[in-house]
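The chains carry the letters A, B, C, D and E, assigned in the order they are written, with residues numbered from 1 in each.
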């Protein structure tokens, strides 16, 4: 009953603003308000002011760097929350539901084949890692940036624990330790701002980093430092969440 | 250095929270100590900032030194300077208080919970200071995420309420994003001041109305205004006891401030449909005040009583916004300040009683005042303030609200204020009766009694809340003057 | 032209969402949610937001993995 | 800062009680009872000195005004000592010391519990009472009024039993509802007039509040006063509150609470609305008829009560309506009479209550029918009781006569024969319900073995009640004796009606 | 024909579809009985908003906002601001999903189910049991 009413209300709420769509700008109009006022400033000045051809990067880590700092903090916060929420020690791992369980052979190994470990570990993971680092340091020139790099590193770990037995992954980080490391990401970001304050500027004013180089270079340094922070934060968080979730759940190849 | 105060207030708790886990790994108390220190520093800095704002006028702090519409800006006017002082003080007290509720055996967990609380404080302080609508969203998410986590720490019920709150809260955040999206689509800016200037040129009524349709539910959900309050009682009830004063006392206020910013600072009272919005808000708050009080009467769990009473008290605040004259707005903000200490104080008491006796059922509170006179003193003062007995803070905020309503000839609001405070009286005097009059039940203290009735870290918050309730009442004019420095220009 | 493509992709997203809401098997829901995020990525790319598309691609993978991990402990069938 | 500066004295008077209350609450459980009661008595003596020291200045017509700080925007927290407030303050501070001594005797004789809370709340009540005597504007007045409401609550529920809880709830229901309505009315008055300072003769004019609204606001404001003063039909909390210990009843009925209600009526009718406005909106007339009704009905109810305290309670209900009636007749004489009746009734009624309490502590008797021949055992107590009873009835040379005569004078001058008749009839009715007690007590030819042996109440109880009885006779013979209270009352009446003449 | 469709889509169509997607997400949160589905629907809803923002930044003849030698005029680049904002929003949604999943796991461990009606029934049962326990005490 309640649900029906809600759905009806929702349908109404979809239809009513239909009349009000006139207030929104025409899609693709180069003269619409969002495309002119602030946006033009970013496009025109990004290269000059921030030394960053990728304007999106310029926006997120320079003009609106403060947002991104807290975005990284949100990531860290998510990791921390997962650690806390899953902190209680369950008596045993939740068994996989019967519909998902597979038979094991006489030796206790699962009877289905997994991906080839060697290929994964020796070929795909290094490629992803290298790509992550490329994305990290090239964020200001081409696509990508700290966040994508961090997520890629997280994916490497994901592959790692998927392919190798998860009790003994190649780089093994307990979840609380991972969360602590993730905290250093936003901290690097915040400290970059503190450095600019110490250099006599306002918060995150990269021009004022106390180094004797040209201001464009300073922006590059600032952006790189910040991107590294984001990378650490995001990678740490993804590893944390993965670890915390995996700890709880039993898989077919577990030794019970 | 001094000009960086606005951002440092937000940064200090953040940095300490980020470091907290690592420091706890080094030594078990180091992390908590860092958080405490940073919260104290942030409180002191916000006091200095208030002084600066009062003498020097509004502070605009452009982060990264990019001028207003291009970069993110912190705008500290007298209004949020006062609120910052209040919120950071409450944050500090909560951090002090929370220490007593950790699991002694697992220091990492204690450190992590402490970091969560510090991040909640960061989010709250950031939301209060920011002058950028999208930055507000980010801070809102920080606040909400840490709140989800802290609520989920309160046992299995807490987990379920946290999950429900998370779904509803995300809907609210999404609606908020949609609202600012619509505003962005017509103004092309995200800065509040700039947005105001562009909207003032006129001709954007349709977009503003559409955005308002999204924003009022969004803030309504976040501040637990009446028809959107569904998540609130169980979340407040089952939150982690240590951080509950902060969650219940402060977390609902900040979206209310944001709502005020949108309605009065961005839209302005010249907006054609503002009356409709205000009447709607008035209806919500009137029903909220009645509903919250009526629901609170039926409860026996003190946490539930207080949670429902929060619904009613939020009604007072939004009633002030609905009346809309400067004096009523000042009343609403005074109530916001007062309610931080009243509700926070009541939850400090609840926590203290729970800490000592392990009960939350008011039927077991018989004659508890013999054992905890200080706590019960605060309990009584806060309860009287909720009812609105002079000379506590609650009376004076009610006074300004009623005065504003009389100025607008909204007599119905005065009647509702009277009825609501009488309803409040019913359940708060029931509580007082239980504490002072009921025959003593066999409560066994859970801890060996010390020299003081409670550890010092609980007594300090209790005493400060007690002082604040009366201080805000007796010296309200000073605060109202400071608030009016900003509010004079924005009201009806 | 891009707008028509966008509209088609959006219709696809709507269809997937309906399938998720009315599906009886959570595993299927999760897998088509993966498809959903893939379509979203395409959409973002078409709209000229490659950065967002890149992020969405990575996020889509990671959140799908999260969902699948959780799903091991939960009854697949739902009412 | 010179603390004995004239302007600071009202503040001192308030703070002394407040400090005493705080000290007792904090230290009460940790120090010996003697020290605790020492605090009470010291504070009482200090307070009485402070209050009395202001009388000469007030008599000389000097204005004592103290503005402390803004309590709400545009209105300051201010004290103003005027004759009317002075009268009430003198009564309250004088009786505090007597009631304190009496309480010590009663509480110890009766072995009461929770004495710390009792003394703290008692001091708080006196603080509030003094505050509202000296309050210079409505909001200051309201603050103390509400503090009084809350501070009395622990006294009413002193025994912490079911009955006490019930009457506590009843008390709160009546006073809080009326208090909140009073609050709303204050807001309305402030928003229409822009001022809240009490002005003799009132500050509300007809153009601020048009007719039907004026009456509504009048009753919204007066409601709080008449609830506390126990005017029918809003009196029912007052007999219920009889479950409290006798000193509390004495305080409630004679000193603080009901008088605060009467005083509130006075302030509202004569200092806020003013005689002209009160008459123009018919508020005064309606209120006067309510008072008449109360006087008659309460007397009849009192006759049917055999619990001594209950009978006295209904007597209070009736007597307080004298004051309300005196205010509502709106003449200088009746106003002076009404103010003086605050004094008169205070001394007489407190004597009666103390006597009732003394009887209860000494012989554990509550019912009048069991008191046959008690005069033999407690002659001094019963003599005081007799004197006070005669005073209540308004016999010449007793203090009740002075006030009633003035009220009647006012009624005559306004040409209201019904009021005159009521007042005279009620004097006779008072005799019919109080005299039987005296007669039973001194009944001859009855040898009640319980009362055969002579053994009066303990001195701590006996002395105060003798003092109050003596004072009520002295003031009856010489109304101006000592403190010039009658002059003060007359001054207040003249101040109010001066602009009209 | 083509231009008509294009105009319709540019002025109303895309917005409408986005809104439908959003409404479906909200409806899913309300209607679905399964908490996991609710979480997926929450993600859908967030995608809709992200899409809405990106719509605002589109330019019909426009290149991606990375400075290249060929395009020089400001109006030729797509507005980078919504992209920046939505990157943040996406990250937030990932964080929320992570927290939501861990909460889900706890609920599953505690109650053994993630169906809402089962959960409510079990909660009621627990409340009643607690009350009985209280009485016995």
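Miscellaneous remarks
In this text, contacts are C-beta pairs under 8 Å (C-beta built on N, C-alpha and C of every residue); 3 or more make two chains touch, one makes a residue touch a chain.
Every value quoted in this text rests on a predicted model; they were computed, and no experiment measured them.
The chains that touch both subunit A and subunit B are E. Contact with subunit B and subunit C alike is made by A, E. Two chain pairs are in question, A-C and B-D; the one with more C-beta pairs in contact is B-D.
Legend note: the chain whose CA centroid lies nearest the centroid of all displayed protein CA atoms is B. Seen from the C-alpha centroid of subunit D, the farthest chain centroid is that of C. Between the Cα centres of subunit D and subunit E there is a gap of 68 Å.
Rounded to a whole number, the gap between the C-alpha centres of subunit B and subunit E is 27 angstrom. Averaged Cα coordinates give subunit C a centre that lies 78 Å from the centre of subunit D. Separating the CA-averaged centres of subunit C and subunit E is a span of 11 Å.
Residue positions of subunit E touching 2 or more other chains, listed in rising order: 9-10, 14, 20, 26-27, 31, 55-60, 62, 65, 81-83, 85, 87-88, 91-92, 94-96, 98-99, 101, 103-106, 108. Residue numbers of subunit D whose C-beta contacts span two or more other chains: none are found.
For subunit B, the set of residues touching two or more other chains reads 134, 138, 141, 145, 148-149, 152, 159, 184-185, 190. Contact annotation for chain pairs lists A-B, A-C, A-E, B-D, B-E, C-E, with touch applied as defined. Residues 1-4, 6-7, 10-11, 13-14, 17-18, 20-21, 23, 26, 29-30, 33, 36-37, 40, 43-44, 47-52, 55-56, 59, 62-63, 66-67, 70-71, 73-75, 78-79 of subunit C are the ones touching subunit E in the complex.
Across the interface of their complex, subunit E is touched by residues 134, 137-138, 141, 145, 148-149, 152, 156-157, 159-160, 162-163, 166-167, 170-171, 173-174, 177-178, 181, 184-185, 190, 361 of subunit B.
Looking at the complex, you find that subunit C touches subunit A at residues 3, 50-51, 54-55, 58-59, 61-62, 65-66, 69-77. By the touch criterion given at the top, residues 9-12, 14-16, 19-20, 23, 26-27, 30-31, 55-62, 65-68, 74-75, 77, 79-85, 87-88, 91-92, 94-96, 98-99, 101-103, 105-106, 108-109 of subunit E touch subunit A in their complex. Subunit A meets subunit B in the complex at residues 17, 20, 22-25, 32-39, 41-42, 62-67, 70-71, 73-74, 76-78, 80-81, 83-85, 87, 176-177, 179-180, 183-184, 186-187, 190-191, 193-194, 197, 201-207.
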